[in-house]
Amino acid sequence: MKKLINETDAVIREQMEGMALAYPDQLRISTEPKFIVRTDAPVPAKVALVSGGGSGHEPLHGGFVGMGMLDGACPGEIFTSPTPDQMYACSLAVHSGAGVLLVVKNYTGDLLSFETAAELLHGDGIPVRTVLVDDDVAVKDSLYTAGRRGVGATLLVEKIAGAAAEAGYPLHAVAELAQKVALHSRSMGMALTSCITPAAGKPTFDLGPDEIEIGIGIHGEPGQRRIPIIDADKVTTLLACEILDDPPYTRIVRSFDPETGGWVEQRLTSAPFQPGDRVIALVNSMGGTPVSELYTVYRQLAAICQQRSIHIARTLVGAYITSLDMQGCSITLTRIDDEMLRLWDAPVKTPALRWGV
Amino acid sequence: MISAATITAWLHHAATLLDEHKAYLTDLDAAIGDADHGVNIARGFNTVAQKIAAQPSQSLGLLFKTAGMTLMSAVGGASGMLYGNFFLKAAAVAGDRSTLDDADLLAVLEAGRDGIVQRGRAELGDKTMIDAWTPALATLREALAAEQPLTTALTRCAATAQQAMAATIPLQARKGRASYLGERSVGHQDPGATSTYLLLRSLSETVSNAALSTQDQPT
Amino acid sequence: MKKLINETDAVIREQMEGMALAYPDQLRISTEPKFIVRTDAPVPAKVALVSGGGSGHEPLHGGFVGMGMLDGACPGEIFTSPTPDQMYACSLAVHSGAGVLLVVKNYTGDLLSFETAAELLHGDGIPVRTVLVDDDVAVKDSLYTAGRRGVGATLLVEKIAGAAAEAGYPLHAVAELAQKVALHSRSMGMALTSCITPAAGKPTFDLGPDEIEIGIGIHGEPGQRRIPIIDADKVTTLLACEILDDPPYTRIVRSFDPETGGWVEQRLTSAPFQPGDRVIALVNSMGGTPVSELYTVYRQLAAICQQRSIHIARTLVGAYITSLDMQGCSITLTRIDDEMLRLWDAPVKTPALRWGV
Amino acid sequence: MISAATITAWLHHAATLLDEHKAYLTDLDAAIGDADHGVNIARGFNTVAQKIAAQPSQSLGLLFKTAGMTLMSAVGGASGMLYGNFFLKAAAVAGDRSTLDDADLLAVLEAGRDGIVQRGRAELGDKTMIDAWTPALATLREALAAEQPLTTALTRCAATAQQAMAATIPLQARKGRASYLGERSVGHQDPGATSTYLLLRSLSETVSNAALSTQDQPT
């Protein structure tokens, strides 16, 4: 295994320490338990946004901590959910009194940990809400699976809800908006190669020299299917059509009710994309694919969207939600309205996303 | 009567047994998950063993709570949260008792199992640890109702867990990571059901040992 | 070979087209000859900055075109210098009357092409100057080699000179400042793996599973030496010490004199770093190394700089000057003064570097 | 007298010969450079051949200028700029002449070589194409001064280039990419000196062929 790391056990802590040193004016870290917060947290009267998940997906989530986006992030071990004590301590560190929104990617481990953290915070009298991100159309049904995984939409949820919080929206409004962004988003990814975790030291899965994996998750989980290698335009068409042709998707989302301290189950449906929709498009590298190759993907995606009268209002091309050194890409489309677009354009100052300031 | 010492011994024995089966559990998880169940669970229970060795307690509530909190903060996988919840709910039932009679033990275990269901919302047949817990505890309840001695009842409970664990092989997963495989999850034994069997086996073995040494000693 | 590309011949054009689609408000491209310019070029009364080089180093240079940085960039084929006709046409497209500064990385092919372009532009009556970037300390002497290669410092030259041009500095002042940034910069890189060019389809060089290459160039040139793999702290120490212990470096720089239309040779010396120096630090991924690993490198770099009383005033961590999918990293340190720091902090709006706007 | 037709034939023949040796040149460059010299130079001269076939000209100045501009815009490596400069300087000397006598040809070639030196600033012994050009043109100058026929003089010129090309093997590179290898560049033949030999060989062969066909024809 060839990686720029020291002791396997220290990888996450040392990366966090490096981040804190690189952004002394923007980030503060705790290593016991592990979390990253913006230096000016708690921001008075602002709803605090906290997310977290397994490490190995950088810049998600730590790279999105800062003005206009997250207040805190909890990194787990590589590809392993963070634990409720991290989320609890991190939330306490950023809570200003206006409540905490927990942004949860739909993985069983993450979900269960955030649910526990929500209960712990509620026990301390802190108003807390949760939003579930589950945008990966590679997972077809929600009835017989743990439901769609949370992937690219996480960035959009964190950016748009973060801007809403910064603009002074109250907790319930930030939570509703965050859930709306999640519902309006669909993603699909593929891998050209596997990735190598420091602990395993060998590729997570085997992929032949002429094979690619379609519908890959972000943990090196097996994807939907394995096919012979195809060119960038065909890859893009395949991913884009899965997203654009995806039928209505219904799932039961359990969210925390800060009034009762209990869990409320809601049946939520994502409507399919329609001609005339305005979208934000994210073309994302899985980590090992150089950004230059993403532009070939975007070129084809733009052509497909134009054919279908889907208007791309904003574009983001880069490595945002990765799987260590995996080569491959994912596409996320999020249907937007004027409010969402305004909040997307609002200033943001984080290590990985910055504009307007 | 089960003492705090026996419960402490159980948790130590569980840590040893799970550590011995670490590679096996991880291999099972590699087939239908993300290849970390053995590592997760061994790290979790080893930390529990250290914690309770450092802070021994006569209160079973405190012991179980330490186990639950430790699993939750040391594991970071679905199973850590679920087993963590198991012990937290068990702690609530055990309270500040320092011994458990047979009925107490059953109540504690059932409360723990219910905690797993509450958090994970798995149903029987979803190919999860619940597929081991539920039949195994049903056997324990029946055996105790039939007034079998606790050691026998626990042995039968573990045996049912072992069968139930094997019975997850033909199932299609509908919860957790394995569910993403759809039909491809069929034909593999569920890692969580397997660690549940090992937990119940270690309980049975510890209680039997404790009973033996109690018999040995003149009371 | 697994890449997100279509026909090998079309790679650069399609990536450029994707960029233009992704940044319709910021970038305009020409594909015959190939160049990328900011949409608002020529910017009245502003000195125009033009750079270029072989492709495969993205985001360099196209990703640095925009307000506060480059006016135009000329991408060559992969790892191949662009040609004078590109540089000439690109310069014509961005020249507003205030002159053109050509930013040249020290590779023989680039140098010769830019020299020719300078002469062509001068022939058209356009005031033109050149600046040479040669910061790679892996190359030890300038007498018996083509001199140090231009690597990480390019970003700093383009940013700081770009800000100066935006601020209204006249051509000679922008050129002098650019040369100063280049002289004050030192870099060193290493590779964990080789890279694969689309044309070759196989790794550019062979590196054993337990070997790393120290002092690598950005074209997969062989480096200074090959050593058994070492951990991130040791890699960082090695690179940082080569940079910090580098003695005065003297070379003859040939620059274009717009008055005479001829070439002037100047003997220029880079002074070594000294305790008390203030620097900008760039920790750069070679493309395939995920950004998370760079933070471990930065952590150690910060410790070494602190020990030696080198004050890191600003930090940049990311994939900025890459070699396709090569895994590895490079470190650049640039000694700054107040003027340079102010210009570094000035607003910039490009695809790959953006702040203050 | 060398006609525009002969120069045109030379450039076509050079394109063919360089294309045939493309892999060989690239392999030489792989050892001490970036493995593109054959590809670069073949692409460049093939484009030149196409251009001059599409726009034939009697002006040698125009022919050389087309060659020079084409190499500069089609190659994108050091050699493209250097050979491009060669032809641009040659064009300046040739002017609007449509034929070259022996002295003109020597002047054209020497001006071209000087253009390479001016741009690339290589000195003899730096292990570059100059190490082939300079001795080869010295031979040509001597042979013509000794009043040898042009065909003989060019044959000897090409022979010297071939020896000079081989003589780059023991040299350490001090210019271009190969210089970064330091001592590791010793023991390898310089790709640019090799393509220079092929250029001069193709000139010699083309002029000999033209002379033959002129002898064949009754004048």
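Each chain gets a letter, A, B, C and D, in the order it is written, and its residues are counted from 1.
Rule of thumb we're sticking to: a contact is a pair of C-beta atoms (placed from the backbone, for glycine too) under 8 Å apart; a residue touches a chain by one contact, two chains touch by 3 or more.
Keep in mind it's a predicted model, so treat the numbers as computed, not measured.
**Student:** Hey, what chains does subunit B share as contacts with subunit D?
**Tutor:** In this structure, no chain contacts subunit D and also subunit B.
**Student:** If I average the CA coordinates per chain, which chain comes out farthest from subunit C?
**Tutor:** Result for the farthest chain: B.
**Student:** Using the average of all C-alpha atoms in each chain as its centre, how far is it in Å between subunit C and subunit D?
**Tutor:** Their C-alpha centroids are separated by 33 Å.
**Student:** Which integer distance in Å separates the CA centroid of subunit A from that of subunit D?
**Tutor:** 59
**Student:** Note the residues in subunit A that touch 2 or more other chains, in rising order.
**Tutor:** In subunit A, no residue touches at least two other chains, as defined above.
**Student:** Draw the chains as dots and join the ones that touch; what shape do you get: line, ring, star, complete or other?
**Tutor:** Basically the chains just string along in a line.
**Student:** Can you list every touching chain pair?
**Tutor:** Contacting pairs: A-B, A-C, C-D.
**Student:** Please output the residues of subunit A touching subunit B within their complex, sorted ascending.
**Tutor:** 33, 54, 76-77, 79-86, 107-109, 112-113, 115-116, 139, 144-146, 149, 199-200, 204, 217, 219-222
**Student:** Where on subunit B does subunit A make contact in their complex?
**Tutor:** 34-36, 39-40, 69, 72-78, 80-82, 84-85, 119-120, 172, 174-177, 179-182, 184
**Student:** Give every residue of subunit C touching subunit A within the complex, in rising order.
**Tutor:** Residue positions touching the partner: 2-7, 11, 14-19, 21-23, 55-56, 58-59, 63, 192-193, 209, 212, 229, 231-233, 235, 283, 287-299, 302, 315, 317, 319, 322, 324-325, 327, 329, 351, 354-357.
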